[in-house]
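Structures incoming, each one as structure tokens.
Two complexes come next, and they have one chain in common, subunit A, joined by subunit B in the first and subunit C in the second.
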Partner chain A sequence: MLEKYVELMRLRFLMMLAYRVNYYSGIIIYSLNIGVYYFLWMAIYGDQTSINGTTAVQMATYVAVAWMSRAFYFNNLDREIAQEIRDGTVAVQLIRPYSYLLGKGFQGLGEGIFRLLLFSVPGMIIVSLVFPIHLPSDMSQWGWFAISLFLGFIINTQLNVLTGLMAFFILNNMGMIRAKRVIIDLLSGLVIPITFFPEWAKNILVYLPFQGISYVPSSILAKGISLTEVISFLEVQLIWTVLLWVPIRLLWLSARRRLVVQGG
Partner chain B sequence: MTTSKLFIDYFMQYVKTRLQYRSDFFVQMVTDIMFQTVNLVFILVVFNHTTHLSSWSREEVIFIYGYFLVPFSIFAAFFNLWEFNERYIIKGELDRVLTRPVHSLFQVMMETMTPESLSGALTGMAVMGWASWEMDLQFHWYDPLLFLLFALGGAAIYGGLYIMLTSISLFSDSKTDIQPIMYNVGNYGRYPIDIYNKVIQIVLTWLMPFAFVGFYPASFLLHDDRWLTFAMLTPVMGFLWFALGIMVWNLGIKNYRGAGS
Partner chain C sequence: MLSIEARGLTKDFKIVQSREGMKGAFRDLFDRKYRTIRAVDEIDLGIQSGEIVGYIGENGAGKSTTIKMLTGILQPTAGELKVNGFDPHREREQFVRTIGVVFGQRSQLWWDLAVRESFRLLKKLYGIPDEKYHAHLDRLTEVLEMGPLLEQPVRKLSLGQRMRCELAAALLHQPSLLFLDEPTIGLDVLVKENIRRFLKQINQEYGTTILLTTHDLSDIEALCHRVVMLDKGTIIYDGGLTELSRQWGGGPRLYLELEEEWDLTTLQGFTKDITAEWQHVGDRCYRVLLTGDNPSVSEVLSRVVPHASVKEIRIEEATTEDIVRRIYQEGVPNA
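And now, the complex of A and B:
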């Protein structure tokens, strides 16, 4: 049952190995991202050693961890699904003996594992040598981080699938996909930790799924929060992974009924 | 002469297809506006926690962002090359383009343009207007002329760079995800460059010259003369990068063999 999906994941992993241009350019781009946001935040801190209870060192750590985590949870499944819907290959995919959406999810996981192993881990070591960041030495914190990061991956992938499936209803949803990417970068806490938002915005953001993608895992590692807080964070993430399943299911069912292959 | 006539014809064609898919047009507008506000939100949130970014005030940083939107939307309107690889290489539409007696890049640009993105320039100018009103900024008579020149130069730098990146598809038919990632990096030129360290400053000035699309010219319009030479270099850099982009493209077209079938 599961072997099929593991095989899909393995194939995607190998495919990533083949695209070296992506790999090398990714390294340059992510180092630049971390560098730019590091200096941007240090300029924001200026002479202040702590803002909102977050020290400058914690902030630098947060920036590095958040971007390296993004390498893992980020994928282009939304674009892929939209593309396959538009050119009609989705019809062929539908008759294959596995769930289309679950298969996509595992392909995304293959991609994520590739970048985690060949990119985030070595990258993190280099970053910790270049920038003054502080990573916890406590192994249990790394364990919680790993669980939280994985849940973040699931939430992000579910949102990607949702956006991709919109191609069934809006024939050209590329703009929407791009906008979603920018919104997730902002609201997930990647560019600004949730605690830095004004009070009213924070009150809204805690009820949205985005914080589970980046803010939760990154804070667990960068800020060293208490165990009870970690547990409540993980609960929120878990609830969202279940809740997001509902709209995907509904969209998928109604989409299959109105499948119109454009051309072909 | 023929070029401008072709442009008008393409534009009319574009209007027709847009009227066909009206919901797409609406979605594009909404996402553009969303994109612009999200970035503004970042600046506003950040200035809740500090009064100055290095030596720059909130209004100045907002002004730079507003300026950045102008060259950026000119670029976004005419260099919509996101799906070049899928549409022109994998599906082979480039073969059709190459059989026609007009420069291939011009055709591709015309077929993919989204003139509605130009609305971003209006947003940008409104943001600039608000910021300069707040700061009580006085402009010289030549400032609008230079502004136009800078904006076109900035769009050309962006354009040249993206043409180069798109040309990679002409050399190897494997998929690359560089362009969307570059989208992020392209934004870094709109923060004051003196907050970064030397390495990043050099990268943003010479290797990926995004500082010319935002900060350098904007600092000149803010009457800060520290980067005067760089600001004046903007049109020159625009010309150079655009020429370089076209050279790489032409080389790629010569090298292009089609993706089979």
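And now, the complex of A and C:
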């Protein structure tokens, strides 16, 4: 049953490989981002060794890990789904015996694995040589990080699918897609770690799905949080992956009922 | 056994009606006006397994909408539908295993990857066992002459090459029912012929039921014994192709080139005892329409030859295309 989705994942991986040149520019952009945020944070730290209980080295590590994780969880499924809805390809996919959305999810995973292997891993090695970052040597921490990162990928992908599906109802949802991207970068803690948000914002963000995308996995690796805290973080992530499934399902069912095939 | 069984099949679309001008655009923001369009209107259709049926109609007649309902993509607004024993929309995932679909204007292959990769994906999607897959793919490769194409990325194929691959992709899992939506659009004569021959072959060999929509009536002539004609969402003709031309063909047409110019009324006078209508179509050239109870060509000639010397004769039967055009223009009095 899973075999066909794994095949979809493999195909996406191959397709990325066919277009690998596109990713050379991505490497440069990610390196620049890491550099920019690194120097920005170092300027903020100045002479202080610690702000809000986060040391400068932890901060540098956080920046590097957060951006390299982004390469894994980020995908363009929102744009892709919206595009396929607009030009009617989604209909063509419905004549094949698989779930369209699950298929898309696995393709996103194929894309993520591609970037993780050909981009994040080598990028991380280079970054760790250039910047003074400290990665844990404890394997269990890496294990928790991997689980958390995967859950973060699921949450982000679910949000992407949700935004993409809105194209069924608002034919041009590019604005929404762009807004969503900025919101996720900001509220997930990629740009500013959640600990730096004001108290009231933190209290709200705890209940939102966004921090599960970037802040949670990156903190596990960069700050070495306690096991009980890790478990409670993972629980929140897990709850969100289940909760987000509900609106997706509803949206998809309603969309299939009112599907209008654009362009004949 | 019936492959397709539809009763009272109907599809309505709700369409947003835009108001005019700036003021209208603002009003649209708050109060949308919808208009319901009935694309398919209570169609009854029964197709036996093993049949090849042509489904024709003008643009916007509702052909594609019907196909999309029959393939489970669209949910019918009303009516009963059973295809291969399934409810296509509700039981989509099991249902689509039993059908193959080709949309002439949309590719189902992975654009950036070699054709073989798309086939491999289909093998996994349908869970085709290795042996069966290889045997069938080899056969398709041979018949559709795809050998050199398999390793090429789809985007580098010509339209004709791609179409052959699309057909193979639709048939890889050996469906008992094949839907073809404009399969020969934009193809050259040779490729068209190839594809037709292939379709006939699989119909005879595997008993595959084929439902085909097309604008190219020569496809229908070459393949189908039965046509279903659709106009404004309703079926206006359902029957044999030969009956269609017998009913609507309007008899043969005779083209005559005479030695000298004649007056139309004089010519009409020669044949006043039979129902033939003369038309002037060029210098000394005339067309005689033989209507009514089909008077024979020789009867016309026997009445003309004593008076005027005939230089050249040509007889034309109405083509399917003429018939269809006539039906669309004049409508069907009662089929």
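Here is the rule we use: the second predicted complex is superposed on the first by the 263 of 264 C-alpha atoms of A that agree within 3 Å, B and C clash if a C-alpha of one lies under 4 Å from a C-alpha of the other, contacts with A are read in each partner's own complex, and residues count from 1 in each chain.
Keep in mind that, in the parts below, a contact is a pair of C-beta atoms (placed from the backbone, for glycine too) under 8 Å apart; a residue touches a chain by one contact, two chains touch by 3 or more.
If you're wondering where the values come from, they're calculated on a predicted model, not measured in any experiment.
Novice: Regarding the shared-chain residue A:Ala146, is it in contact with subunit B (first), subunit C (second), both, or neither?
Specialist: So A:Ala146 meets neither subunit B nor subunit C here.
Novice: After superposition on the shared chain, which partner residues are touched by A:Ile51: those of subunit B (first), subunit C (second), both, or neither?
Specialist: It touches subunit B, and subunit C stays clear.
Novice: Of subunit B and subunit C, which one touches more residues of subunit A?
Specialist: Here the partner covering more residues of subunit A is B.
Novice: Just checking: does A:Pro198 make contact with subunit B only, subunit C only, both, or neither of them? Give me first, second, both or neither.
Specialist: First partner only.
Novice: Quick check on the superposed pair: does A:Val21 touch subunit B, subunit C, both, or neither? Answer first, second, both or neither.
Specialist: Once the two structures are laid over each other on A, A:Val21 reaches subunit B alone.
Novice: What is the contact status of A:Val92 with respect to subunit B (first) and subunit C (second): first, second, both, or neither?
Specialist: It touches subunit C, and subunit B stays clear.
Novice: Determine, under the contact definition given at the top, whether A:Leu186 touches first (subunit B), second (subunit C), both, or neither.
Specialist: So A:Leu186 only meets subunit B here.
Novice: State whether A:Lys4 touches subunit B only (first), subunit C only (second), both chains, or neither.
Specialist: Touch partner of A:Lys4: subunit C, not subunit B.
Novice: What is the contact status of A:Arg257 with respect to subunit B (first) and subunit C (second): first, second, both, or neither?
Specialist: Touch partner of A:Arg257: subunit C, not subunit B.
Novice: Residues of subunit A that sit at the subunit B interface in one complex and at the subunit C interface in the other, please.
Specialist: Correct list for subunit A: 18-19.
Novice: Per the contact definition, I'd like the list of subunit A residues that touch subunit B in the complex.
Specialist: 18-19, 21-22, 25-26, 29, 32-33, 35-36, 39-40, 42-46, 48, 51-52, 76, 83, 170-176, 178-179, 181-183, 185-186, 191-192, 196-198, 201
Novice: Which bits of subunit A are touching subunit C when the two form their complex?
Specialist: By the definition above, subunit A touches subunit C via 3-4, 6-8, 11, 14-15, 18-19, 88-89, 91-92, 94-99, 256-261, 264.
Novice: Which of the residues in subunit C end up touching subunit A in this complex?
Specialist: For subunit C paired with subunit A, touching residues are 13-14, 64, 68, 71-75, 92-94, 96-97, 99, 101, 103, 105-106, 108, 110, 112-113, 117, 120-122, 124-127, 153.
Novice: Residues of subunit B touching subunit A in their complex?
Specialist: The touching residues are 21, 23-24, 27-28, 30-32, 34-35, 38-39, 41-42, 45-46, 48-50, 52-54, 82-83, 86, 168, 172, 174-178, 180-185, 188, 191-192, 195-197, 199-200, 203.
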